[in-house]
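Labels for the chains are A, B, C, D, E and F, by order of writing; each one numbers its residues from 1.
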């Protein structure tokens, strides 16, 4: 009898708090979005599952002794996001960007989204009950970078309490890029601009692809050492792939290793989706600011492309500016798709890959600035 | 000269204790069983090798500073068995069970083996020199679950000193299922019963396979949160595989990740096969009780199937009840084989897979009960 | 303004020390050697990149909190080199050595390089400013073993400060084997000796290949337990491959697992290439002694083969003695190549694989002696 | 009978009770679930249920696919 | 305007400044790099640039290749 | 000669001694082992030595095989 009472008192039904139940619903929602809607399933499925597991009463899966508690160390120590970034580096082909380097400026412009939402977060402090510090604001702003590992790395350093919400927002908006970007792109461009055909890209030699990651790293070392953990691991992955002499390491970095770390990172991010941390007015602010960041980044990229068209003799289709937010390769595909609507013979995909990967560099640089200036 | 004496005094020959030598023989025996007899080689080969390495005098491979000491943390913290369980979940197809859910009851019945051997362990306390605590008894009982990761997880929490013996017993008896089960199955069934043909299983839709792991997890959360580390990781692996949108993660979980963890876990389990822990009268008790647990589990499954046949209008071949102990997929194959002996046109394999995977759930639930009620 | 000054003061340009700049050049040199010259790229590329990353001012990538700091634990605890050794074991085929066991003596003779350079290091102490302890000298000597994981394991135990220089020397000289060995081999042999054709190797049965790693381990346990961490993990990998019943574990050990660990180990070794540790007079000594070690090892192997020819009735081509230094499989290829120059129909590759893998065992044994006798 | 043994027996009854309770409930829940799914989300013929992953999949994974495709297109124009 | 907001705005200007500075410099450096490479290290036709890895590759990786080759040769003589 | 140097030389002799002792013993042991194996466990022709793993292999690995087989059989009946 005592046993039965003790068992009843150890059931989930007996111990559930409303917050835990609600967070579990959020977890199921993420699973639904991942599986049924195809929202960044590689990340949102583990994150959603991690959210469910960490909100189970009594079990303590994300408390000391639980598996999610230990996995979270990989984020806390900054290891998981950097290893994923290394794998992403190994997957990235800088060819299109090297063939047309000025598209880097589009990747720069799109980072306005980061800083605009940082300011936005600070502005929201006028609302009673919201209190974002500069660190919080910076971590929120980085959602606008549209790069999962960068956002998680920065958030884990500056605002670990907001990590769950920030990661969820970042990956959700990346998945929503095909919905968020087109109206903005259409509103800011004329039909004639969207029809612009771009010059064929030149062939990029293997040597250029080998030297580029080293150049990038060197520049980052000289100007912005605080960005070098991110830029360095990215460049390392890219070099492993480009150089062609360590094929087996490169393959492992972009397959098994990144997969293993993705599973662990996803679960661990999910473990930060606790009721206390997530069910706050703040979270709504984060979600709103994240959407604004993506929108402003898209707009800035497009406007920058239009500006460059004024001064450049080789034409640039402004649609590819939107790809500057990164969200690789979705944003590039969106640019391609909108371009095809206006001109069915105009394939912008390769042209958009330039600003797309430039956006990855841009946000890593922005992350370096934030990590270096905010103490 | 001093050097030579010092060298001689550092040889294994000089330092061997009888216990170490004996444990090393056990290690070689396990290697022989794994390689020559095909006894669960994936686990028993690393366990056997770990046993040899950890009993080397002077070298201290399983003491602080040695590699097996560090690898053991993966078990101590509960990480390795849960990751293996995740991979097993990704490998498991619940289709046959979903097509005929009442076979779950066979998976429930077979767990009697767990609790019977728990009682048996306590009963053995009457023998002078044997002193099993309730925790010890529970950890021993879980051998009857016929599930490696579950047994190791529970033993590492309740009775880490017995871990080596329990893991060895669990995997050995799993390998012996084709010898242990048939006589019991034949003794408890009539020729007519063994000839029973079962209805073809209906097709199970993809949606059902996606929803099932979530349903399982939810029920476990509501009723038995203490089982959710095991059930949760298992369900996570299963969902990754069933949902079809994270194929690369699922593949990694059921291949490279589970392989890496299996190597580490096996070596680390082996490091618990030290003379002090293993060369005790207790170990004989554990081995005896493990065999009893498997036998009783088999018998209970068969009897449950016979009982269900009384009340059900769709016929159940009692042989598939034996598969309820889990030991996936060996027990299901045994059922199939014995069935074919009586009726060469009667393929029971798919029907037996239902209770077989149900047995995995059943032991995870039983593990949850033990972990929750024994303080 | 304050921000700008603060930014300027956080740039790499502002903070660079001459030592860091120089070490970064070393890093780029290693990348050049790896990529352009094909010098052991699997190790030297990550090591070179690690050297660059760890010498970035301000960023602190190899200081507490940085990723290289954490990765270095894998070396400090001895885990990474042992896991790589396990994978190398799984890749090694002892067939040729088992077919002609007396080639083991060639693998023994080549270890003279280890001890000669150990003595050399101590002799260098007469030069003012150089001060090698016995531990330092032993760690330097092990470069002559021509085995990366063994060298890193021993250096991490005896002289962690010298680890970077020792690892770089070991891998560089391994890559230089095709340059270092031929002149020595030609100088010590006559044209007639180089033309010697060897008897065809007998077929080695699978059982022999299974029993061999266990025999090796057993001998090591009895005579030299201090070598068993190395020998044991090597034998474990070899047994996994030879036994044929754990194919999936063996494949993972020699592919994904070794690749992951190689990336981590390389970066972590690179993190020990700091200006303070590397830019010392000592380093020149290490590089010189390493070259001497390789040369003496090669010479001893060749001379041993000539000596054995005096007493043996089956002829041994002395060129294969050079393969006894290990540097698998490069040294065996060199022997084959030099042999073909004198006799275009004389394929020595398989014959040279015997001493080649014997050299791996030889250096592991030598490592055991050093670890056991030097306190 | 010792106290230890009596708590063991209690544990056995509680344990088997919960195991059966749990798995019996699972039988009911599965039957309910399958019923609902087969009624409201019947599997359409062919492969129609498969989510169009390729279109809006993750930024991390589809890298390869995208870049491979793009490179092909790019190369074919050179 | 609060102090916090003003440091935020300062951060924005510093941040976007550096992002543009960095990426603009990168444009120049890439152009320079590509120019130098195309001039002094032009890609030779066919696959000539590929480093002869197979010949002097690592002791660890080329194990398989070497042993495979060797075993083939060895077997073919038996 | 310094004390350090003399312990180095002592180490060299001890070290090379043990290396040779070890590998020489290994030669003998291998010869013995091969002799015993070839005499008492001669390799049968063809693949007869291969342990019938597929039959009683591990619960973990053979999952795939079993389930694949089972699913095939199951599907083929639908």
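For the reader, a short list of remarks on this structure follows.
Rule of thumb we're sticking to: contacts are C-beta pairs under 8 Å (C-beta built on N, C-alpha and C of every residue); 3 or more make two chains touch, one makes a residue touch a chain.
A quick note: this is a predicted structure, and the numbers were derived from the prediction, not measured.
Of all chains in the assembly, those touching subunit D and also subunit E are A.
Listed options B-F, A-D or A-E contain a single repeat of the C-F interface, assigned here to A-E, on the basis that more than half of the contact pairs agree by residue number. The chain with its Cα centroid farthest from the Cα centroid of subunit F is A. Seen from the Cα centre of subunit E, the chain whose own Cα centre is farthest off is B.
For the pair subunit C and subunit D, the distance between C-alpha centroids works out to 47 Å. If you average the Cα atoms of subunit C and of subunit E, the two centres end up 26 Å apart. Separation between the centroids of subunit B and subunit D, computed from CA atoms only, is 22 Å.
Within subunit A, contacts with two or more other chains are made by residues 3, 7, 35, 38, 41-42, 223-224, 245, 248, 256, 262, 369, 373. Subunit D has residues 11, 14, 18, 51, 53, 57, 61 in contact with two or more other chains. Contact between chains, per the stated criterion, is found for A-B, A-C, A-D, A-E, B-C, B-D, B-F, C-E, C-F. Contacts from subunit B toward subunit C in the complex involve residues 3, 6-7, 10-13, 15, 24, 28, 31, 34-35, 38, 41-42, 45-46, 49, 52-53, 56-59, 61, 65-67, 70-71, 255-256, 259-260, 262-263, 267.
Those residues of subunit B lying in contact with subunit A across their complex are 77-79, 82, 210, 214, 217, 221-226, 228-229, 232-233, 236, 239-240, 243, 245-246, 248-249, 251-253, 256-257, 369, 372-373. Residue ranges of subunit D in contact with subunit A, taken from their complex: 10-11, 14, 18, 51-53, 55-64, 66-67, 69-71, 73-74, 77-78. The residues of subunit C lying in touch with subunit E in their complex are 3-4, 7, 35-43, 84, 87-88, 91-93, 95-96, 148, 174-175, 178, 200-201, 203, 254, 258, 262, 326-330, 332-333, 347, 349-350, 353. Interface residues of subunit C facing subunit F in the complex, by the touch rule stated above, are 98, 101-102, 104-105, 107-108, 111-112, 114-116, 118-119, 122-123, 125, 133-134, 137-138, 204-208, 211-212, 215-216, 219-220, 223-224, 244-245, 248, 358, 361-362, 365-366, 369-370, 373-374.
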